[in-house]
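Each of the next two complexes has subunit A plus one more chain, namely subunit B in the first and subunit C in the second.
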Partner chain A sequence: MSTSTKSKDVARPVPNPKRSLITRLHMGTGVVVGVILAAIVYYLLKKSLLTYTDGAADPLSPHDNNILLLGTMFTWSIGFMIGIGALIGPWRWLVGKDLTDEEILYMAGDGQGVKRYFKYCTDHKVVGIQYLVGVMTLLGVGGTMAMMIRTSLARPGAHFVTPTVYNSLVGLHGITMIIAMIIVATGPFGNYIMPIMIGAYDMAFPRLNALSWWVLFTAIPVLCSAWFLGGIPTGWTAYAPLSIQAGPGMNAFIATIIIFAVSTAVAGMNITTTVVAMRTKGMKWNRVPIFVIGSTISVALAIPAFPTFMVSMIMTGLDRTYNTGFFDANMGGSGWLYANLFWIMGHPEVYVILIPGVAALMEIAPVFVRKPLFSYNAAIMGFAGIAGLSILVWAHHMYIAGWAPSLNGAFMVTTEMISIPTGLLFLVLIGTLWRGKPWMKLPMLSIFAFIWDFLIGGITGIYLSDVPADGYLHGSMFVTAHFHFTLMGAALTGAIGGLAYWYPKMTGRMLNERAGYISFWFVQIGFNVLFFGMFMAGAEGQPRRVLDYAALYKNSNLISTIGAYSVGIGMIILLWAVIHSARHGKVAPMNPWGAKTLEWTVPYPVPLTNFDELPIITSDPYGYGKGK
Partner chain B sequence: MANSSDHNAEVLTPTPGERLTHFFARRDVKRTTVLFFLWTALFVVLGLVFYPKWMPEIMSKEMKSAESIMIWFTVISAPIAGLVLAIATNSFMDMHRGDNPPEDGPAIRTHGPIVAVWTVGSLVFALVAIAWGLIEVNSQAVAAASDAKSAITVEVTGSQWLWTFNYPAQGIETHELNLPVGVPVIFDVKSADVNHSFWPVQLGVKVDANAQVTTVIHTTPTKVGVIEVKCAELCGLYHAYMETNGAVMSPSDFNAWVLAQGGHTA
Partner chain C sequence: MSHDTEFHVHHDSDAAVGRRERLGVRLLIVADGAFLFSMIFSYFYLRNLNTNGAWLPKGVKHFSTGSAWQVAIPFVIAAITHRLGQENKQTRNLTSIVTFVVLLVGGYLQWKQMAHMPFLLKDDGGIVSFNGAYASNWVLMAGTGIFHYILGAFIALGILIRNRTTDLPHELDVWRQRTAQSWFTWCAVAAVLTALTLSVI
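Then we have the complex of A and B:
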């Protein structure tokens, strides 16, 4: 099975790719077509909606305004995809043809330098870098919002922002970070590194790979527009009926989620298929690097989970536009229906975020400890166990919702059981550390931070999942602190470790070590101070998502804010290091860490098809150690 | 799987006792053991000291139960956290610096008994947590059923951004939540608009307020004092300010308050 990026000698005459439409399209034409189409649809919709209501210059009703905005946003997304050339291939199929080999080679970005990053480029390495930049942008935006939230909460009294702005900050910080964290490891590393790791020329569906990134890209301006449409008042959970009552900014949230769900579905299918079908000769399932296993389990878990979020958003959108009443109790609908749909996505989703981060660290550990990964099978059982159980635990977010209290016991059982596969993940890491001398480099440091952070996140999770304790803690700052320990302390730490580890392969240069260390300590110490304060505030009884608080909570909030600034400083240093080292860092050797996985056998820049000849695998990549 | 700690096995097979002595005589094992006790002690102290210090006054059995779970689950998990952190710290202290990787460590691929013990151990731990939770949930449900006859009912309505309390038997409606001590209380909670979550903080219970459906929680205040009522579900612009105060008072004070509000005592 050769892939589309392999050029073949074809006898028939082909048109000069220089004159093909595909060569003229890029991000710029995408934006132009997207904006023009969106403007046309906006104009037409507005015209027709005004006629439809009661004519003349009447302002639109909220429902009509929602129709107008949603229609415009989706048109922008589709228009951009047309303008960047995503539909050229499908169009050719429609008329019974396909792209020519030259065009396929052109779309792979062959010999186009920096330009290919702004094109509909099918090379998985280009897509990986695009995702990396996208993730860093989203983390930057979400992080800035977090700093504003913490600044606002530094003292009681709500002096910094208005209630509308505060609620918008909370909701947009939440959804921005959730989106960023879902793609933080599987986006950059899953696209750039993973196909090389399994010995493939490219992903299984290179054009879908480009599609997944650029569709996601169209969601970013839509998400940002929420800010200019009055923000969202609902938090990232977007509970109905608050979301139905909400102003025009909510439309941006709905459109973002629907667009994002399309992107993740495409990316998830692509990654899963690639790993199942395109591993090189000899790479049996028990020889696949653990990062690949983890990422695959993660995206495979996302495939069934995210559509429910999409569906719940479509239903919210219909409630807001055509008054369908799915989630409106006054019309026979149910807010609990929304909560269920949301959390059926929401709980698997946190493990979609967590697993690739842990898997990246498991990939790193053997290299720096110079020992085999301890109990590869336990690692897989851990991931698979978490993924399996995670679809059965959603209603632990609804213990106190009043919905089916008699089910609380059952959901408590499934939730507590997750501590067993989670325990296996710890065992694998500490087993690998045992009796080794860790090589203290940036990626290794992340492993230690992960162990501490995830332990705190895990232990606090144990009592949050016990119904009586949740009766007190639910909806408090304690919950916020808990999930930041798991999502940020564990998953983001894992992803940053992965970045430090794979940076030499993705940029050809070493990440500035000194800046990396400084950043690491600022972030980790700040992080622990920040969420220690938040555990304290939560235990004291401060609800989450509050703009203002009583004097009782002023110490804990001040501690949190001080910690937050430390995290902010550390993240800025890391950002500087990542940008600076990409141009000025020390040139990296082909295999700077002495690792045994395949991505370190290819040079930088990685050739278009990764390998001249696909390697043959005879063992797993963890053959370190004396006396094997 | 071969037990790789046996590289230095002598000619005579050592007895299990000798092997254990040998194992604990190793430098890294000694250090890990010390670290284990230190980390465990730290977590025990964290659980025993911080939560009671932070949490508000305990004014019901439910609140007591929440606090016990937070304290004792921390204490129970302390040895596990201690072990994980001891091994991590021990490894951290053995770090290798420099630009070249250290030499390879022992090729330990896995260790069947350790994986088995670890898995069974975490299963037992999970079962303890589950059993504890289920027993608590059950005892609260039993108490709710047996107290139902003697309970007073408070109808709680959340609206953006105000709590309203209606005492049907007493015929009063207020915005402060006053309750007699020692008398079981049933909260019938609903919402006039979006979702809210009714949270009388010191009573340690919570339930969402929904439109068109009534949700119920039950508790018995055990101590006289001030209670704060908050909203624990984001409900729009002034969510943060959707709070009110109240008190648990002696039955005679409660009756006096009811009469002063224009109500009637049972």
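Then we have the complex of A and C:
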């Protein structure tokens, strides 16, 4: 490494003595403004809807009630964003009075300590930590629901919860975990680590970065409100016309997805622009770390995918509120329209979830075997191939629905073709490990876990892509086990590996290794027991999403429930380790793993603008064993 | 990864920021394009299915083909006037006013159509429903049009105010006008595609 530094002081803006509005706004003001505005809109809407029904004291019709709830939920979200100061920037642009340097620096959280985590802070590292806490919260909530589901299914007739509550649990668990999985790697690491990895001093759009997090934040209470509104009885897929007939809790689902789609579009645009336009000098495309490539492909895939889900949710909302007929056959609509729109998003979304997890593990592998990444180009081809094919496979979810039987063969072929780029990802990881001497730290263990788990997820996916086999397995516990092996096996395993790897950079401390190992084995053994039991139940014919089942399936269900408790214990230990180590963990050196990517060249705490002087890249990031 | 270091100023050049913003807006256009594609897909899918003959039930009125173009043309004009303003600094103030006003007019026309939809049904309880799948698709597309007009008017108003109050031509502002051009052009394309779709009843 050669250094040729021309140093020059960067003038720091003089603090503005006049306290601007920005300095007074925070999460608390956001909540207050959001709640007040939501209450006002609730009151006004209710009053106008009652007037519309001639002022009768009768309760509102379901349609009017849906208008009331959706209006209130969206107003909460908008009100919160006003209250936390998200609209100050656009307003100041509108009136021709741009934010001053002092205000920009203030918004970046300069010198504000812990308070900046509760403000509209534009520092990407703060946003990364906010996402990490958000992901852990969502995983905690969704995981608790999973435990309740498995407890209910521990033995036939257990009925730990009522059928209505069980239905709600299944839907809420599904959507909570899907949202958590979508942001599990790109949220924390894509925001905190990725800009440093490419040698940027910030994200391309810092204010939009904060926007993406806080908009998502407003969706969390909206989603939770579903519990108090009768739940989501449709499962996370929210198929129409079931979703049109569902109770008021469905409004929370609709609002959550629309708000989340906005957050995803903004985050996707921001990350993609940052990587394309803000790489430091010398960082050509073939020198970009593989995690950055994977995350960018993932979010770029999300940009066109999520709007179709948003459209389907807007249609569902219109059907529920204004009696349109998108999905009502009596009014010229069709449930298949929903299924198409949903799965045009739904299958690419699987890859939006898993690609960053795999990419994180590919980032880790060379560091822990001290070898270059095996075929960087194959990795990129794998990611790109998966992303490209993912938009051509959606109808394999609809074989049994009978949507277009003549297309089943074509969709079977495209789906099975995805095995080819997926195989490339295995090739890259195994090639990297081949004849290496693994340093068996926690991040490295995640790689082995991924290879095992995702292999099972992938192979069982081939059965489901096959039309005749799917005829038997569709809608069974086999499907549930398959996609958990895929999503948990790739995304969550990758994210846990990433957390163990980047934890020292994000907190300045080492993650408690002993607790990490114990957690790892509890989770991995429990995970395999849980979903092997589910494969057994599914192969025997047990349908998914049922509260009760025949005695035939009792052993496999009991096995699954035991596995689930093991995963639960493991995740609690990991949560403890993450929280405890942040305060009491061993202080981490600047580069504890001896890695070569740029994030390990900056100290902790990472300076506000990451680098005092932007680096110039002169070699690839995986030059292990090649000398300096 | 080995690296050298060099002096770094935390403020990028206006051109770099401008290019970055333009790329960001173009990515948002991709998202909006997917949204539009979904609506057009829905329109033709339900039209071709014509489930229970309820795409456009007999006797139900619909908007004329011309009305779809009526709300598309203001977007096209706005995109052209904004473009002209970029090319000629002397007329920038005037064209930015025209752009803003045209977008307001377009939004008003769209709003007026929504206020007078010919295919609404009301029952005794006063509940409004949309008669047929054509009506459902129309209202979604019109709603999207309104959203585009509101956003377009916000941007046009910002440009108008900045043209009059700030010290133009500041390079970043010039870049932002180019970025706005990407959005206005896209909105015009989206409006034309919507009008074409709605012309096939």
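We take it that the second predicted complex is superposed on the first by the 606 of 628 C-alpha atoms of A that agree within 3 Å, B and C clash if a C-alpha of one lies under 4 Å from a C-alpha of the other, contacts with A are read in each partner's own complex, and residues count from 1 in each chain.
The rule is simple: a residue touches a chain if its C-beta (ideal position, glycine included) is under 8 Å from a C-beta of that chain, and two chains touch if they have at least 3 such contacts.
These figures come from a predicted structure and were not determined experimentally.
When both complexes are superposed on subunit A, subunit B and subunit C end up sitting side by side without clashing.
When the two structures are aligned on the shared chain, A:E613 is found in touch with subunit C, with no touch to subunit B. Once chain A of one complex is fitted onto chain A of the other, the partner contacts of A:T273 are limited to subunit C, with no touch recorded for subunit B.
By the touch criterion defined above, A:N330 lies against subunit B and subunit C together after alignment on the C-alpha atoms of chain A. Contacts of A:P372 after superposition on the shared chain: subunit B is touched, whereas subunit C is not. By the touch criterion stated above, A:G282 is placed in contact with subunit C alone, subunit B being left untouched.
Of the two partner chains placed by superposition, only subunit B is touched by A:Y463; subunit C is not.
When the two complexes are laid on top of each other via chain A, the two nearest Cα atoms from subunit B and subunit C are 8 angstrom apart. Shared interface residues of subunit A, touching subunit B in one complex and subunit C in the other, are 329-330, 623, 628.
Those residues of subunit A that touch subunit B in the shared complex are 158, 163-164, 167, 170, 233-235, 237, 239, 241-242, 245, 329-330, 335-336, 367-372, 374-378, 400-402, 408-409, 412-413, 416-417, 419-420, 423-424, 426-427, 430-431, 433-440, 448, 451-452, 455, 459, 462-463, 465-469, 471-476, 536, 539-541, 543-549, 593-594, 623-628. Chain contact summary for the complex, subunit A toward subunit C: residues 1-8, 10, 52-54, 61, 63, 90, 93-96, 199, 201, 204-205, 208, 265, 268-270, 272-273, 276-278, 280-282, 287, 300, 303-308, 310-312, 314-315, 318-319, 322-326, 329-334, 337, 340-341, 344, 596-598, 601, 609, 611-621, 623, 628. If you check the complex, the residues on subunit C that touch subunit A are 1-10, 16, 19-21, 23-24, 27-28, 30-35, 37-39, 41-42, 45-46, 49-57, 125-137, 139-140, 154, 157-158, 161-162, 164-166. Those residues of subunit B whose C-beta lies close enough to touch subunit A in the complex are 4, 7, 28, 43, 50-51, 54-56, 62-63, 65-67, 69-70, 73-74, 77, 80-81, 83-85, 87-88, 91-92, 94-98, 101-111, 114-115, 118-119, 121-123, 125-126, 129-130, 132-134, 136-137, 140, 189, 193-195, 197, 199, 201, 204-208, 210-213, 215-216, 228, 230-241.
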